[in-house]
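Sharing a structure below in structure tokens format, with a few things to ask.
The chains carry the letters A, B, C, D, E and F, assigned in the order they are written, with residues numbered from 1 in each.
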Amino acid sequence: MAELTHIAASGEAHMVDVGDKIETIRSATATGYVRMLPETLALIREGNAKKGDVIGTARLAGIMAAKKTSDLIPLCHPLMLTKVSVDIAEDDALPGLRVTATAKLSGKTGVEMEALTAVSVACLTIYDMAKAADKGMEVGGVRLLEKRGGKSGIFRAED
Amino acid sequence: MAELTHIAASGEAHMVDVGDKIETIRSATATGYVRMLPETLALIREGNAKKGDVIGTARLAGIMAAKKTSDLIPLCHPLMLTKVSVDIAEDDALPGLRVTATAKLSGKTGVEMEALTAVSVACLTIYDMAKAADKGMEVGGVRLLEKRGGKSGIFRAED
Amino acid sequence: MAELTHIAASGEAHMVDVGDKIETIRSATATGYVRMLPETLALIREGNAKKGDVIGTARLAGIMAAKKTSDLIPLCHPLMLTKVSVDIAEDDALPGLRVTATAKLSGKTGVEMEALTAVSVACLTIYDMAKAADKGMEVGGVRLLEKRGGKSGIFRAED
Amino acid sequence: MAELTHIAASGEAHMVDVGDKIETIRSATATGYVRMLPETLALIREGNAKKGDVIGTARLAGIMAAKKTSDLIPLCHPLMLTKVSVDIAEDDALPGLRVTATAKLSGKTGVEMEALTAVSVACLTIYDMAKAADKGMEVGGVRLLEKRGGKSGIFRAED
Amino acid sequence: MAELTHIAASGEAHMVDVGDKIETIRSATATGYVRMLPETLALIREGNAKKGDVIGTARLAGIMAAKKTSDLIPLCHPLMLTKVSVDIAEDDALPGLRVTATAKLSGKTGVEMEALTAVSVACLTIYDMAKAADKGMEVGGVRLLEKRGGKSGIFRAED
Amino acid sequence: MAELTHIAASGEAHMVDVGDKIETIRSATATGYVRMLPETLALIREGNAKKGDVIGTARLAGIMAAKKTSDLIPLCHPLMLTKVSVDIAEDDALPGLRVTATAKLSGKTGVEMEALTAVSVACLTIYDMAKAADKGMEVGGVRLLEKRGGKSGIFRAED
């Protein structure tokens, strides 16, 4: 039966012991979006076409945040990520920007929190850089798309 | 006309000079949610009724993350927050948990990023603590509810 | 003969080279206490019976601090902890709270500093949360109880 | 009546709002010790006479830790310290080292946690640097000696 | 006569007390360069013309590092910077890239270390991003150009 | 042909995937200097003869900074260093101080950025501690001396 592994038998929060887990190649991909006014997307696109700064800054912020995951999420283990990538695409239908992040390592525990943290901080950075023009932006759809490696094998989000 | 204040005239990202802004009492409130399976909410509620750990851990993670905002968001100014509070409520209709955070300071620049960062990290922490039971959870609706202080006065999100 | 391994032959502080040490399962358990007025313990107990906040907050602070050990202690190596747990118990005889922390990893160097850091920061957090009621509290008895793994084998504190 | 200011009316941990407190010069002095074998103290003294490294390293670690207080203690406010000093003295009667730290700022909230954090981390650093010779050392007597500034005026520890 | 203000009368390192200094607008500008092979500069320029990534990444790294100055430099005070800007220009004569950074705040102590840290970390980031092509690059000429505000008035580097 | 490995095919900055690289013993040594007035060097030497503080503080700052490299340089991987050493020597011909740092680990990626970061931050710390006497100091000659391990074998700087 499902259980909350961070809750000890006695009910207190603890960091799960992963010492006995197998060291395998693990990866996780997460996604999310920032919904904004069409004018805001146009402003970013224009700036982006010329300089790439909103998107470039958010991408770096996401990559750097993935490395801080165990500092932000109280019960996450410190990990030695071997790869982090963040992609940001314009979506006129939203309208807004869609962020996708992948984290990877060879280790004893999964990296979904690292991928989700990269997505969240990239989205927050987009908000920060465009908020002078649009305070009503919304971050949403932040979820795990795929997870590989470890005992539980492959997870793929249903659509 | 609206403009992206983090983009310099020449198009490069920069930290806006707030040296000449007035020091006023500023506050911001943001919100967001984690949508989950009804069974996951039941597991958290049960644990919570007994120990409060998922919700208590996420609340602290949000408060601590607000203090790291300028470390996470590349162009945010370091700020001396005078208050951060994070509230987390169960919502059976969602189903899931709703997070609301308020940040406050007496300073030269707004604190909406601090409130939004607190909400985002509290949501990620909920995901982390319940992910053994439910990998399909989704963080959404992360947005600014209200902002007070500074030249632009009061902002309130339309509903 | 005993020697201070952090002091180089020439006498300057340095980070010991652990590259040639064997990778084994290593764990360490440390303890400490916060002595307080009986009324302060009663206040915490009451709050704790209802919400668990002083103790819950201190436990999380200790776990998170263990992950920052190499950032706090100048010559400690960065480590990938596989487990950290912090237990806090009331002690009417003290009177006060007793904190015990265990850190574990599979690695080349011991984790006693991680366990001791978790205990110290949990104790400081208890002080912080109760200081409005009692400024005379004292943190004491912070020491290593047990250490396992590595060349030197098992260490157990004499009582 | 005494109350735990970090516990909200509803019992949840929160960061106290200090926005309305007066900005005054505030300072705090804390103390603590590391008790060790006489041989360990002799080793440190000898090293110290020649190079000052154990004591010099611990002093710096304490100063740097004071600046991280709000990152370590969940509900502490970020502060702009104007001064931190750490003194470490040999005590043959203990036997061991006594650490005293003073923190100071002009601000809205007290700095006792900064002084106590400086003392604790300086003591942990002494442990780290001498632990190859003596695993039985104990950190104790960590308490506030004096606090000045703010509404509550001067606090002095009874002896 | 000149003296080293970080050295106490008794000779130990300490954080200078700036509590009594006047709060004025202070700014500092620093510069530095990365000297590289002409081919390396060409590679960066080409990449830059298309995406701006080496230069854009280094600029952000410099801005973010300025905010970490008091965490890196042991005796620096934590400061609330109101502005940081980093400019990076190609220099065919060097050949290489020249970095200039300005930090600003209204406070009690100067910001030259923040400007110098921004320059140094931007230079290291350039090295990191181009090192696959050229391991012989050199960071040099890192110095203060100008400093304004505070008791000592304006400093301008002689050329 | 040489290429910038941090630039993806599509031109965006990314963290290189080192998951498939071999785990070998890797080390790197870097150097740099702070050039200063002869009087400034004399002041430091005098203080140093008595207390060793400028040099001792800079050495520790360099060691601690090496552990923060992946936090400072956006696309660096988090690493578990097994050794960091920093040596600082007086040079009357410069006149000034020469800093040399070595970093070492058993891992999948090189540690030249860790050695270079240690050198840079040690130099900045020297500047910070002596700047009251001499604002015209210059940090220069920061470069890689030697790199061992990994596919590319040994690199030695030409002189």
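The criterion applied here is as follows: a contact is a pair of C-beta atoms (placed from the backbone, for glycine too) under 8 Å apart; a residue touches a chain by one contact, two chains touch by 3 or more.
A quick map from chain label to UniProt name: A, B, C, D, E, F = Cyclic pyranopterin monophosphate synthase.
Not measured: the values here are computed from a predicted model.
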Next item on the list: List the centre-to-centre spacing of subunit A and subunit C in whole Å, with centres computed as mean CA coordinates.
Entry: 31
Item checked: Contacts with 2+ other chains: residues of subunit C -> 12-13, 51, 53, 56-57, 60, 64, 68, 71, 74-75, 78-80
Next item on the list: Considering only which chains touch which, label the overall pattern as line, ring, star, complete or other.
Entry: other
Item checked: Chain pairs in mutual contact under the definition given at the outset -> A-B, A-C, A-E, A-F, B-C, B-D, B-E, C-D, C-F, D-E, D-F, E-F
Checklist line | Residues on subunit F engaged by subunit A in the complex (per definition of touch) | finding: 8, 12-19, 70-71, 74-75, 77-80, 107-108
Notebook entry, point to check: In their shared complex, at which residues does subunit C touch subunit A?
Noted result: 25, 56, 59-60, 63-64, 67-68, 78-87, 104-106
Next item on the list: Would you mind writing out the residues of subunit A in touch with subunit B in their complex?
Entry: 2-7, 11-13, 32, 39-40, 43-44, 47, 50-51, 53-54, 56-57, 60-61, 64-65, 68, 71-76, 112-113, 116-117, 120-121, 123-125, 127-144, 147, 155, 157-158
Note to self: Touching residues of subunit E toward subunit A in the complex: what are they?
What the structure shows: 51-53, 56-57, 60, 64
